[in-house]
């Protein structure tokens, strides 16, 4: 069993907010991240899949295919977009790094399986000082 | 003459747009950067000042002071903010990396002089693949 | 279960030395790291905690709180300090990266639990070429 | 149990190719990586070993020794070399990152054990956008 | 006058060799870099252009256009290629980082001018420990 | 004229202090950097030299030679050492990044000239947030 990781990047706007909370409560709990006028990040997304080496090709999975999949399902929907307003799989959800990593996992899991490998980890880096990892359970 | 550089960071939302252009023209020229719903970045700001070493202290300028100045004049205004809507010195301007670097220079130049040094360069990194430098002329 | 990581940094002096060994034996075993006049590093500390997403906030734990905790218990004691001479929880111990990571774990474990999460990993990077990870067992 | 990691680097030429496939099939499957005239990378190799802290030395393993071992068994054979043509343990194998990580593991496992520790992970970074990890099973 | 930089990357094989020197002399002068079986690198190319901000667009030059130009003239010719054997503008030349930077400058200078800006610097990074800059004179 | 840069690294202890000032005054001016028990850093040193390409070799200067020179004159004296106490060319001087960069320049300038090139810049990075550059005048 080997683990292979592909990094992709996207630059998006977001805010942390519950719309059933008052602006004051959002500000108190989420701090500057709840700024109603948005802020944004350069996100780094590390998608790790696992599987055995195919003895014919030396590959677990063709990374070109994995990259194309991640671009179609995640990057094209998120890059230069507003996560709260424009990303279909984030509608009605809090745009925290944790929720993002969790939802990205569920966007990719089935397609990675169809492609013949197993999704192992979604790592999402928001700034150089914080990141989230989700292993599917 | 020595050059000393302090890095600061801010995460902001912005878009590239002329409001005297149609949405179509903005889209055609500025591409994904003109998304009306905003996107954002983790910006890295490198402020370089120059001066002689003070023989008494071994410093050109106390970096703590420079950091405090950059935080007050730039970071506090930009971090977790919307550049187009909320940053006073960017009102009515295009929020490109070039214009940002140019305007940040003009926010800092006089105060750096008052502090006893000379502003040499503003370097603003928008993503790992592009950055702008401005030397004041 | 999600894993969320906060990076903090500190710059400290240290040396590797057993004071029940002769200077020669220290030199022979610990090499340049045993220099009696000290040397130092920019350490990077990655604190990973795990927990479920709180459905109300989208957070596992408020990272601001985790950062404040790590600063109070670790960074304030270690940054711009001498690890061998000044850090309370390192007294009488060898200031290796391994022992540091182990002791930092024990400084943080109970407080992370009190804060409602579980400490998962302490990763301590000494130089770009070596780092230690400790998972608590 | 602690995990300690040493990074080493090497710059090598390689290509991805099965010589029982036609050039067309190699091109179709391996893409630009099958260029018959070779291409190359700056590889980063992270060797992680695990073990208990030796209470006498504060070390799991002397990293100097681990570095010497990795240099003798891997770096000296691979750095500024052609992986397909010149690396003994890669003869007759596909020079993919996966196979490389797998074979490097088997070059180091026994010697790490002899040195008193347990090999935990081989992480091999081919470009800033992709890497492989192997844990021995 | 502002300076704007675009980073592009390519992974190539090369060797340092004069074919009018004996293998021994090549080995003595160029060391491991003269390995007849090639080695390779992940190169980072930073292309800096300078110009005034266009008051209408806030841009010195559309970076998308610069990126496309660099890809067409440099990256497509070099990435996953053998510099000595396959890159037209390097034929008959020594594939040192210095010569590469110099020749890349001359591949781009006229086209950058046509695009309305001035080429300022070619920075070529061969490994994390060495890079070359050329300013055209 | 091309510019070629070699990076070297060293890990040292230091403090900022004037011994003709009281401990209180040192503390007030230099802050945590004046800790009498020392602190330390992983320094990165970038040595840039300039010269014409030698048409016979494609080199400005053999980087191996430059690296050897920097190691002998700087790294061997500074790595795993105490800058204030043990580095000959820093005796009686304030161990600020500025003074260090200035003195390193003067340690290297003549030897680089003897080697057939011209020293252009000493860049010394103390932490990821600050660095100094000196161009010799």
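We just call them A, B, C, D, E and F in the order they show up, numbering each chain from 1.
We adopt the following convention: a residue touches a chain if its C-beta (ideal position, glycine included) is under 8 Å from a C-beta of that chain, and two chains touch if they have at least 3 such contacts.
Being a predicted model, the structure only gives us computed values, none of them experimental.
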Interface numbering overlap (same over half, different under half) for chain B and chain F: different
Chain pair showing more contacts of the two, E-F and D-E: D-E
Contact-pair overlap exceeding half with C-D, pair selected from B-F, A-B or C-F: B-F
Geometric centre distance via CA averages, chain F-chain D, whole Å: 34
Between chain E and chain B, distance of the C-alpha-averaged centres to the nearest whole Å: 29
For chain F, residues that touch 2 or more chains besides their own: 128
Contact pairs between chains, per stated definition: A-B, A-C, A-D, B-E, B-F, C-D, C-F, D-E, E-F
Chain D to chain E touching residues, read off their complex: 9, 11-14, 32-33, 35, 37-42, 79-82, 85-86, 127-128
Touching residues (chain side chain D, partner chain C) in the complex: 1-8, 48, 53, 56-60, 62-64
Residue ranges of chain B in contact with chain E within the complex: 16, 18, 29, 31, 93-99, 101-102, 128-135, 137
